[in-house]
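Labels run A, B, C and D following the written order; every chain starts at residue 1.
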């Protein structure tokens, strides 16, 4: 039934817009309450009946996707959760998509956090994404969670040269020396890729300055929309790809589902949250067009009178 | 109020009670304070709808929500002011006894006597209520105006003038790592990345000219004619692009706010989605 | 006298605070005066709160239009004030934070102020739409630039931005709408913001001086009082 | 090179490592002779078999007075240990010790590897201190030589801010100069500002329509200079309103602004010779809460239907809610703010917008008084300074980068020093 639920409001929105367009061509203005109804329907419909639009990955997202896709299976990836619950709706979908992609390409992941609040959000990803999707993978063999260490940039300063100095064991107390992944990982330099998801400080920028640049490791970043513009100057030399805001997450999810059909039916919170955004943006743009048409028709009407 | 208003209000009250009961029933499984929480969620939802109803037009529900909001929030900030400023900052400096009463650490210091000055000025402010000595309330206002003017003078000079001027020093002919790689590469790398020479240069030129012409626009003491007028015209264009871009950029955040409220209604209240 | 004393106070305080930036032993003055300001502002609450009560009691007493709603304001005000000042339902003793979770103060805040505030805030989603409909019209060159910049940024945030310009080769990727949107934010937008800020810096400096020197005294009733 | 201000970062990872360090410290303090036997059973990590490696201590440790403060900070600088390398480093950090007078050493900070300076802001003037810095490995500390004793000095003038002072002096001097020039009667030209020209008409419109003027002074308190700007404009506007015999209504979000607003309007009515027409009810405090205030003002707008709305001062997200509601009731709206983020919304929804600097210039412009207009001319000198500096900076940077011209680089460096903030 959701199909009908989607179709009716969509037909209503676009039918209504066309009707308003026709009115505008006749030089009639739109009342503001009509605009309000359109916005409400455009936002509420995709929340009730998830509508997703196919997102095409922009180069800055595609670069990161391709890097993970093309690393030889068994590569080691470090992934840091540097955010808090307030930022989570925006960036956690990225973390989930990146983790899924890496694990399905059979890479090994080391999870960590620079924010104390990242720990519980990291557990959410492990519990609700990795366990159900990859039941055969073993904690400590295919991925390791080393948890949180206080010290912000200080932590980065240490792990850039010696990872185990800062993280002697994983969260379960198992010494890293006894974990196979760490046989070939001594410092951050030994990771094939570092993924950092966050948006505050310390965050992607600090990873670039304290780890990526000195140790010459490729860094991929998932960041909140507000800080994304600050990262662009580092792309593509110091940061190989950036997922900016919900849109970045949606593009990545879309790309992932296209390349790996097993993820077609997965939860796609990024794409789902883009639903209301896209519809609302389209409605606003349509009203800008209608407004201009009404303006020019109205002006011509007045001139001829 | 006419009859139809009464009917509408009555229907809403019935719906409220119904929602409260249903919500409490649905919460009773997992929550031992289900009656209270059912009420709180129902109230939050109805207040949310009351505000939305303003988009149609002013109405008694909006008036109710508005008046409740004003009363509760005014008291909220006054209480916060009392606990954080009076109890948190003033009492520890002025009175050992009261510090003990409120259980805040006393901070004795010979300079503490200065903190009587704002207290006295605060009392002078209350003189506003007296017809005869009302003019005394200008003294604390004068102190505040002086404080604001003095503090902001240097603050804005630094952050809005000096910093912005010095960060506008941009190279107009490229710099490392944008070394000259031949004309073809120069033109064809028109992308955002750091390798895009033409784009990087274009950015620098636009920042330089944009800031320059923008400042020209703000000139007060010169008629905007001739070359000066043309520069000021360019300045307005840059400002207009700025305003349009910032407006467009904000839309996404605003839609998210509405998504948040609608999700609250559909999920936490109506339980239509999970 | 009635103007001289306030003008002198403003002059002395303003000058002192400007000078203190350059004299390390006076470095703490900024914090002290900010605290003084906070304290005076709390005294002003008596005037503000008193005025709120006066207006609504007056409305109720005289049975002015909408007097019934004044009861709502007064009841909300009194309840919240009591809950906050007496820390009703707060866990622990008097030293616990007034807004500790579990207190009545916190509960009311969470179920009245938060939903009302965020709903009021979310009205912006509707108003950005109605404002763009009305304002973004190509009336003249300036308005057209405003319209174009906004439209490109909006388009860049939907999948259609890329769809429309995917044919643009990667070496010219700046011309793809999502990238163009980012570039507008980083270049012309930055330039405009900077020009505005430089102007603001100068405006504040000049206005502060006018206030400190007593040239601007319209807030005291102008030059003729 | 990171610079840490009195922040202690935990470096020892895990309880056992911390325990080891404590034991090592005790061992070190108790008997330096024990060093050779320091790899005894007490301090060997379980499961580890590597022997203790000796690390080079830091060198050239110098404690100096932190300049231009009130005598409450000392600055330490050193050359990091030669064993402090980016890869395969045995160093986990540095620990700073302080000896007050002849007292015992006290650890005051742990710093990450690579650090080469520290600012101790917990010292008292007129006390004497000396320091040493230990290089930390997993299991041991390797102390440096002690510094000479030093006591923090107070400086009376901050010479670091000399250039800031000069810039302030130049701009303030220009303003004051033109104020005095104007006072002597020289006519100064000031261009028209559309939003301000419209004020008289807007107030007149309210009178004709018999509807009130709504004045919103932003949502910040008197400690924001934008609120002061709004109040100075209120002084002029309310004078016009008193002359036109219109009604003004001013809901505010701060009690202090209410008090000040009443003072301003009352004085204007007195100056206009109509003190009896003034009433305290013109200005009302609503609530400090941002959106509670907005809800109430929106209500006032739709119920009172003001003919003219002024939105001047510090505005945040509410800018567009207020401006759209005002627009929906058909009011003429004159807005102004110095918050760049909110200007787009005013531009979109209001009839006239004062952009940034224009808000601060408005009162001076409206007064038409020569001294005030003079100050606007002074501001323009500031703009000329900004334009000239930007021009020189851009040219020198361009030449220095493109053709590596030393002389241009010197100019740029000098300019950057002058226009730096500290």
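The rule is simple: a residue touches a chain if its C-beta (ideal position, glycine included) is under 8 Å from a C-beta of that chain, and two chains touch if they have at least 3 such contacts.
Bear in mind the structure is a predicted one, so any value in this text is a computation, not a measurement.
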> For which pair of chains is the number of C-beta contacts greatest?
Replying inline: B-C
>> What's the farthest chain from subunit C if centres are computed as the mean of the Cα atoms?
In response: A
>> I'd like to verify one number: the distance from the centre of subunit A to the centre of subunit D, where each centre is the average of its C-alpha atoms, in whole angstrom.
In response: 32
> Approximately how many whole Å separate the CA-defined centres of subunit B and subunit D?
Replying inline: 17
>> Just the number, please: Cα centre separation of subunit B and subunit C in whole Å.
In response: 4
> Going by the touch rule set out above, which residues of subunit C reach two or more other chains?
Replying inline: 18, 21, 34, 37, 40-41, 44-49, 52, 113, 116-118, 120-121, 123-126, 128, 130, 132, 134, 136, 146-147, 150-151, 154, 157, 170, 173, 179, 182, 185-186, 193, 196-200, 202, 204-205, 207-209, 211, 219-220
> Which subunit A residues sit where two or more other chains touch them?
Replying inline: 32, 36, 39-40, 43, 59, 232, 277, 280-281, 284
>> Can you pull out the residues of subunit D that are in contact with at least two other chains?
In response: 164, 168, 171, 222-223, 225, 228, 256, 259-260, 263, 285-287, 289, 291-292, 295, 340, 343, 345, 347-348, 355-358, 361, 376, 379, 382-383, 386
>> Building nodes from the protein chains and edges from chain pairs that touch, which of line, ring, star, complete or other describes the result?
In response: complete
> Taking the complex as given, what residues does subunit B use to touch subunit C?
Replying inline: 40-41, 43-45, 47-48, 51-52, 54-55, 63-76, 78-83, 85-86, 89-90, 101-104, 114-115, 117-119, 121-123, 125-126, 128-129, 135, 138-147, 149-154, 156-157, 159-162, 164-165, 167-168, 188-192, 196, 199, 202-203, 206-211, 213-215, 217-218, 235-252, 254-255, 257-258, 260-261, 264
> Which part of subunit D faces subunit C closely enough to touch in the complex?
Replying inline: 68-70, 154-158, 161, 164-165, 168, 171-172, 175-176, 179, 221-223, 225, 228-229, 231-232, 234-236, 239, 254-256, 258-260, 263-264, 266-268, 270-271, 280-281, 284-287, 289-292, 294-295, 317, 320-321, 323-324, 327, 338, 340, 343, 345, 347-349, 355-361, 363-364, 367, 369, 371-372, 375-376, 378-379, 382-383, 386
> Tell me, which parts of subunit B touch subunit A in their complex?
Replying inline: 55-56, 177, 191-195, 251-253, 255-256, 258-259, 262-263, 266, 272-273
> For the complex, which residues does subunit A have touching subunit D?
Replying inline: 32, 149-154, 157-158, 160-162, 165-169, 175, 177, 186-187, 189, 214-215
> Which residues of subunit D touch subunit A in the complex?
Replying inline: 2, 9-11, 13-14, 17, 47, 85-89, 92-93, 111-114, 138, 328
